[in-house]
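Listed after this line are the structures, all set down as structure tokens.
Note that subunit A is present in both complexes that follow, paired respectively with subunit B and with subunit C.
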Partner chain A sequence: MGVRDGYSRARRALGDRSTALAVAVVGGLLALDLLRRLFTGMVAPGQVATYLWTGLVIGLIYGLAGIGLSLTYSILSFANFAHGDHVTAGAFSGWAVAYAIAGSGAAELGSRLLVQASPGQVGASIVSTPLAILAGLLAAMVLAVALALVMDRLVYKPMRGAEGISLLIASVGVAFALRYLLAFVFGTNSRGVTASVPRYTIGGLVVNAHEITLAATALALMLGVHLLLQRTKLGKAMRAMADNEDLARVTGIPTERVIRWTWIVGGGLAGAAGYLVVLKTGTISYSFGWVLLLLIFAAVILGGIGSVYGAMAGGVIIGLTENVALVWLRGPYSDFTLPVAFGLMILILLVRPSGLFGGVTTA
Partner chain B sequence: MSAGPNADSDADADPGADRATTAGAGTDTTVTGESLLAVRDLDAGYGDLQVLEDVDLDVRDGEYVTVVGPNGAGKSTVMKSVFGLTNFMGGSITFDGRDIAGRNPEEIIRYGVGYVPQNENVFAGLSVRENLEMGAYILDEVPQERLESVFDRFPILRERQGQKAGTMSGGQRQMLAMGRALMLDPQLLLLDEPSAGLAPDLVEEMFDRIDAINDSGTAVLMVEQNAKEALRRCDRGYVLVDGRNRYVDEGSALLADEEVRREFLGG
Partner chain C sequence: MSDDGSDRSPSESSTDSGAPTDGAPGTESADRMDRARGALDGLRDRTATFDALLILGAMIGLYGLFAIIGTVLGYPLNGVVALVREVTFFTAVYALVVLALNLHWGYAGLFNIGVAGFMAVGAYAFGILAGAPTGSPPGLGLPIAVAVPGAMLAAALVGLVAALPALRLKADYLAIVTIAIAEIIRLALASRVLKPVTGGGGGFGNFPKNPVRGIFYAGSGTDRTAVGAAVLDAAEGVGVTNPEVVIDLAYTLLVVGIVALTYVLLVRIGNSPFGRVLKAIREDELVAESLGKDTRVFKIKAFMVGCALMGLAGIAWQVYGLGGGNVNPTNNFLPQLTFYIFIALIIGGAGSNTGSVLGGAMFAGLLFLLPNYVPRVVEQFVTITARPNTFIDAVAPLASLEVMPFLGYALGNIDQLRFVFVGALLVYLVQRRPEGLLGHRKETASTIDLSERGRPGDRRGTERGRPAADGGAGAGGGEPDE
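Take a look at the complex of A and B:
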């Protein structure tokens, strides 16, 4: 028994190390190749900088949305498959409000509230209608919070203490219900939303005002989450509950209130992420959150599911990977960035099965 | 819950008839009137499973009481029942004159009871200081003078207040767990097997610390598997077998009792 254990442990350690070594070697070769391409002019430095910037921007979205997923996982102990549809719901409600404010007079209210008016007529952008954009962001967060609280009351609260797998399946049901409710109200067409904004070119790096808005907002919200978790009584209680729910209860922490705040924080961030991703891509459709969810999950798992900081880091890594991969995936291969991002996730999990921040309990 | 039928029949059957026979290894130690904690004819368990039957237990103000007995006797269940963590099926639990049976832990903490569970009794990912702050969660502000007095009692916690609790040794964690429970200056401290998992040389030290807590006026109800040491330290002891009271007496008297020694203390 002991010998076998020792043997398999040695094998595992060896396996870990050789995988890590292989990852390091491949990573090193790719870095060298990148340098070669830069020096031989196969790829322009500005192009690489733009890939990095775009990757960071989209990665911040994955991270922002991932925080809520991680919180629900660590505090309520289930993987919430409806999270992506909370993202969509937040986006629609936020843009409905932004359109209502931005396009007054340009298109009739009904079409604006359903985000169906043409973007050209409404002309919503951070440059032309900054107040409407900000009001929309706020509305996206508030309505996503309300939605999360309603869903908790209707679905998850009656199931409190149930197995994670039952809750997961319930959340799949919530996901479908939400998605088709959105399709019913807002329609199934994918459409443009934002007006174009000025682009700035800094030595080949192309940046636009919406990307800057997104990055600044996402970073501010992440800082807010960090301060909440580390400095406030509520945040510490959330970490405590993620750590050990039974102990939290016998310590006198009001667990139901902490759960409610978990939904508020996670829901609000999901709404913000949905609203911001539409600001960046300029289009909206009833199912985009569901598609995004796969990447959000990848980010959260890569970072170590249950860890908020892992979700942030994992999101940025996934975003950077799928964009920097474009250095090698040119022409017809540029559709294959997602497999690269997921491939990296699998590689990291082979070396660190609990994810980058897994095992260190950070809520 | 499904406790209904059981609870009813037990409540009907009793009126304290067993008490005289269960309390019995020596002098009469049945507590009357002034108990801080009074458990009477307690039936409790988990889900449908009844673990305790007609358990009586008292802790006076400032008293140090231990519960010992073989594995599976229901020692921890008694303590959990007092703290509202089991399925209450009948009898009564009063603390400081209040009926606390079936209340939830958050309320019971407010009445002045602190509880230190046996395992995983610190928040591993929180710092030492944050763990102590969580102990005072029900207050609007962290009481600085309580924090200071906990730090004075366990100086190692002051030194390590920024360290993550999960990286501390077993003995230090046990101190932190007690410190957290002391943050609200409870009238009664419930300790579930405080010596479990400690290195032998730390066990004595842990019992000394519990003595000191009790000396400063806090009543202690402790469940221990280290029965000899627990009985030597306590004011009174209860021997629990199969979820029922078997003996109750002063700790020293139980230690001296032939039957108790033979049956439960290994001669």
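Take a look at the complex of A and C:
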């Protein structure tokens, strides 16, 4: 038994390594091919730079939203399918506030609070109305935190300690209720939100002010999370809970308080991510967070479920993959960028379920 | 035998206390076992009748409700019949997919949330196999009798490809993988690259015409066949003058027949040694493995059978059920569909086939169809004076106690409210009644009830998880499995 066990374990390890090796080889070949394409002029450097920049910007969003998903996964032990709708809820509440401030006098308050006023009239942008944009960001985070806490109280708290699958199913219910409540209040139409902002050209790469705002804000928030986890007692407690809940409880860590902070951090970042992604894309609709959810999952899985830094890095990698894949997926094949990102996620789950940064949790 | 197997209520289970305990004397034990078997058979018959009555009662209730709705709305007989048909049809298709999903989740414990993807594979494979070679996109022109099994096989094979690597994952990882696979399938079908084969984002429309129509009309014209003339004339005789209603009704009856066959098939699978191993896997995979069962093979087989049925449902529901004869990746196979089916399963109770059918009926009738008619029924009794366009215009008058604008807005947006309710219901069910309507009858892996033993002092496994583990042992040791 022992011998066989050891043998099968060795074989499994070898198998894992050989698949990992194959993945590395394929990745290396693709990188070489990218260089070849650059040198032979098949793809312009400016184009690649644009792919990298777009990938980085959207990847930061996946990462930012992924932190909350990863925290709930590690501390509450379930895959939260409502996370995408928390992202949408944050976006709507933040933009309602931003519109209320930005467009005063330009359109009636009701249509501004429902984010229905025409973007041209309101003229919300980081250049023309920076204060409104900032207030919107804060509102998005605060209201998303409130929502997360209410949902925890109503839905997840009575089920504390239930199986992961039961919590997952409950979160599907929350996702439905939340998404369609937003649709009921804000309407089902997809609409433009932001006014246009100046673009800057840096050596063939075109960057706009909203993308820069997004990247800077996302990085600042991530730095904040890093400081929270590493420098505060709460951060230490959260890391301890993620590693081993029972041990954390035995050590006297107030688990219920840590859970509350998990929702506060995760919800706030989800709200910020939703608000910022609308700032970048310029459009909002009641289901956009749900569509993003699978990509956020991909980011979290790629980085290793439970790892906050993994989620950040995984988000950027998914964002880059999705965009840099366009180097190869040209013309009609560009329809396959999302399938490529999902495929990468499945591959990671199969080859290395602990994520790229292997088993390193929040530490 | 088409019953729900060994499900019994605790009060009844004292009758078969003759489980083959190790220390019991030979003859007495055999005698007791015979008696227990007899009791068990009687019980099975009773549950079968009870289940049939339960489903019948639920359907009569739904029919009554919709007949009242039709009458209130002043529908002519045609309309009422069409309404009843609609309820029957959606009940049947939901029941079909929920039964398939119950094999995955209720029996084998596989958390598959990629149902829409497997339905899409079935529908598209059917279209490609059976579509006319001259149509666009071209099909292979095979007869329907070949194309349906072919499409089910295709769905099963895609299920195999999905399952082979994914089944060693934890349940929540499997959930993410299956939903990702469903999305990959959907996006690939919609892509411009596959457009020559699948029709791309515009959808696939080159399906052969509904075979049921061929019973009533010869060729593609309006000439009635002998059967068609007889049935349609008879229908006109009783006042159903619209032939389309009769044809839809005939098709619905075909789907009901398919559901009945599927039900019987799944009950047989559930009661077979194969099914008992599945249930043992659901309850404790390690125990099943320890008894020498290659659990991966069992799980893969169950997954493939379920996927084949989902493919069949893709044809019966999305291709022929929704009218147009056109399926579209962005309309027909969104991930939401999977969750509707899951919610229906949870309402009915995972683990029970009868519960699956009931859950399908309840979801289709009360949550899916009923809200469509609520606004018009309400308007029969209340005159809606205001229909504001925005939420604020609807809520602001509430301050001065004017309810009408809000009511008007709510009725106008009943689609959204319905899903708010569905979400809240799902949360409620998971919190308060995770076993759904009939999930308390979730069959244990054993053929006999192990929750009660002969002597009161010898009680073991009253906890839910325990009889499962014992049952796995009973099933594996008592009879030759596989």
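Side notes on the structure shown:
To be clear about the criterion, the second predicted complex is superposed on the first by the 348 of 363 C-alpha atoms of A that agree within 3 Å, B and C clash if a C-alpha of one lies under 4 Å from a C-alpha of the other, contacts with A are read in each partner's own complex, and residues count from 1 in each chain.
Please note the rule applied: contacts are C-beta pairs under 8 Å (C-beta built on N, C-alpha and C of every residue); 3 or more make two chains touch, one makes a residue touch a chain.
Here the structure is a predicted model, which means the values were calculated and not measured.
With subunit A as the common reference, the superposed partners subunit B and subunit C fit together side by side.
Within the superposed three-chain model, A:253 lies in touch with subunit B and out of touch with subunit C [touch as defined at top]. In the superposed pair of complexes, A:131 makes contact with neither subunit B nor subunit C. In the superposed three-chain model, the partner touching more residues of subunit A is C, compared with the other of subunit B and subunit C. By the touch criterion stated above, A:165 is placed in contact with subunit C alone, subunit B being left untouched.
In the superposition on chain A, A:237 makes contact with subunit B only, not with subunit C. In the superposed pair of complexes, A:110 makes contact with subunit C only, with no contact to subunit B. Note on the superposed arrangement: subunit B and subunit C approach each other to a least C-alpha distance of 11 Å. Shared interface residues of subunit A (contacting subunit B in one complex, subunit C in the other): none. Contact residues of subunit C toward subunit A in the complex are 111, 165-166, 169, 171-173, 175-177, 179-181, 183-184, 187-188, 190-193, 195, 339, 342, 346, 390-393, 396, 413, 416-420, 422-427, 430-431, 434.
Listing the residues of subunit B that touch subunit A in their complex gives 83, 85, 105-106, 109-110, 115, 117, 120-126, 130, 133-135, 137-138, 166, 180, 184. Partner subunit C is touched in their complex by these residues of subunit A: 78-79, 110-111, 113-114, 116, 154-155, 158-159, 164-166, 168-170, 172-181, 183-188, 294, 297-298, 301, 331-333, 335-336, 338-339, 342-343, 345-346, 349-350, 353.
Put simply, subunit A touches subunit B in their complex at residues 233, 236-237, 239-240, 242-244, 246-254, 360-363.
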